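In the two assemblies presented below, chain A is common to both, partnered first by chain B and then by chain C.
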Partner chain A sequence: MNGKNNFLYAPNEDESEKASNSYILSLIALITGFPIPLFNLVAAIIFYLGNKKGTYFVRWHCMQVLLAHVITFVINLIVVVWVLGVLFWNFNLTNNFIAFIITAAVFNLIEFIATIYTAIKTRKGLHISWLVIGPLTDLFVKE
Partner chain B sequence: MEQQKVDMFLMSYGKYFEGHQLMMLRDKLTTLDDSKFLQLQAANLKDPTTLLIVSIIGGHFGIDRFLLGEVGLGIAKLLTCGGLGIWTMVDWFLIMGRTREINMQKVQSVLY
Partner chain C sequence: MHKAYLQLTLLMLLFVGIWQLLSKINFIEFLQIEKLTNESEKKLGQVILDSIRKDNHELNSDSVCIYVEKMKSELCKANNIPDSSISIYIFENDNVNAFTLPNSTIILYTGLIEYCKTPEELCGVIAHELAHVEHHDVMKKLTREVGSSMLLTLTGGAASGGIGKEIVKIISSTAFDRKQESEADKSAVKYMSNAGVDPENFANLLFRLSKDKNNLPKQFEWLSNHPNSKDRAEEILKFRQKINKKFENKFSESSWLKVKKIVGESFEK
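For the complex of A and B:
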């Protein structure tokens, strides 16, 4: 994570609150809809659409959350399908399966911690750009 | 408008607007004609905190959106049971900001 305050401008109190809310919402959605991978993604999309006319800082952070959820959704969906396959459709319990489950769990844990950290920092007006997802967000969000 | 009236208005309704809008609002109100003060008070501004409480209690039925005057979104929320709970949850975070936006739009319709 790149935690330097290198954003184009210093966001005001309201912007910081809205941007931080996008991370908090993502945590709540994660806890509420834990076994269903789609739940977080839909919540992030609705939140982004709600803030579509917001300021650049708010839109940027909403998009970062949204992109993170797209990646998490794909990974978790594969996990769910694979686990269902092993349980009900006679898929083999291979080493690849166990490795993927562990990788997915670690990824989810890292995202969970990063979300908490970013929610706290963003509330203070700091701009936190995540690895890979941050530069991707720059491409998607126009000033 | 008299400075005293402007201050009174901002004291009563300050939390109904975004923090960064208050300075601009104060300047605009100071130059506003006295005859528009009654119109301003009749603008039916909504309290963001009240809307948050309504959203928590009746969000599943879209009551918060109906109160804001967004009837279309209210009906959509009602028919989908608050977007299967997801939209309701998202609105807990969005509704206060949206209320302040709508309040500002109402005031602007009086100002301009």
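For the complex of A and C:
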């Protein structure tokens, strides 16, 4: 995470709250929808669409959380299919499978911590741009 | 390439890199998963065997057991399969059926022994079931039909007798998939051939089963879990043709007649 306080303008209280909520809502959807990896993505999409006409700061953070969930959705979808395969479709329990689960868990954990951290910081009006996802968000969200 | 896409590519490479590095660790051995799986399989096999024992009498004849054991030993010895790891149980039941349980156990019904005209035919069935044991087909089938969580419940001792009976029903009367059957037949031909027993006998048994099934449909359980016997017999003959070997009768005829007599008497009881 980088780029604290380097946003184009200082967001007001309402903007900070909405931006922070986008992270918190996705986390709530992730926890309630576990282990199905779809709900957090759907929540992020809905929140993004709901704030499509919002201010730049709000749209930017809604998009950052959406892109992060798109990436983890792909990873988690593979995990769910692979686990179902092992449990019900005769897939072998291999070291490759366990390694993938651990790697996916690490990435999910990093995203989880980053989401909480960013939710707290954006609530205070600070701008947090994540590595990889931040530059991608810049491409998709225009002022 | 734009900086953002370059970073995304690097992230994906990082993911794959960590995954591949971690996969070098032998988690299966470290977490003793194989040991746990073997223990679960052992317990599951025992639970199912106990359930079969509740509904069937085990055949109480040393002569028959020794004869069948010898047959199994010949097959195991010729194919480098640890003989002691495979158990065979014979139950008094007029169904023409044989099947495998988890924990390398083969169940034979006296109905099948009665139906076999020659010891080589019976040897074919044992070789086929031995192949299912070696390919771990029964656990694959149970996982597919019942699910791992239910199997773990069963081995944990929390299952009722009803579930045990259901599992026996699945094992004894539902089919392996076509590929598993074909692979087991192929291995059976190899096992028989290596042991000096003509695989043609096994094909003969399957041909006869497919002809007789219309007369006595209820007794031919083995056909319900081994469908398309005629096609399989033809396939076995094809495998057989590839083997340039002359076979002689391997098993004692007088002992076989004694076995048939004892089995026949068990039906009269």
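Assume the second predicted complex is superposed on the first by the 142 of 143 C-alpha atoms of A that agree within 3 Å, B and C clash if a C-alpha of one lies under 4 Å from a C-alpha of the other, contacts with A are read in each partner's own complex, and residues count from 1 in each chain.
Note that in this section a contact is a pair of C-beta atoms (placed from the backbone, for glycine too) under 8 Å apart; a residue touches a chain by one contact, two chains touch by 3 or more.
The structure presented is a predicted model; accordingly, all values stated were derived computationally and were not measured.
When both complexes are superposed on chain A, chain B and chain C fit side by side without a clash. Looking at the shared chain after the overlay, A:43 reaches chain B, while chain C stays out of its contact range.
Angle at chain A (Cα centre) between the Cα centres of chain B and chain C in the superposed arrangement: 130°, in steps of 10.
Looking at the superposition, the partner that touches the larger set of chain A residues, chain B or chain C, turns out to be C.
Legend: residue contacts after superposition of the two complexes on their common chain; A:88 is shown touching chain C, with no touch to chain B. Contacts of A:99 after superposition: chain C is touched, whereas chain B is not reached.
Of the two partner chains placed around the shared chain by superposition, chain C is the only one that A:107 touches, whereas chain B remains out of contact.
Of the two partner chains placed by the overlay, only chain C lies in contact with A:131; chain B stays clear of it. With both structures placed on the common chain, the touch criterion links A:29 to chain B but leaves chain C unconnected. Figure legend note: chain B and chain C, brought together by superposition on chain A, show a least Cα distance of 28 Å. Those residues of chain C whose C-beta lies close enough to touch chain A in the complex are 2-5, 7-8, 10-11, 15, 18-28, 31, 33, 37, 140, 143-144, 147-149.
Chain contact summary for the complex, chain B toward chain A: residues 18-20, 83, 85-87, 89-90, 93-94, 97-98.
Chain A meets chain B in the complex at residues 12-14, 18, 21-22, 24-25, 28-29, 32-33, 39, 42-43, 46-47, 50-51.
For chain A in complex with chain C, the touching residues are 71, 75, 86-90, 93-96, 98-100, 102-103, 106-107, 131-132, 135-136, 138-139.
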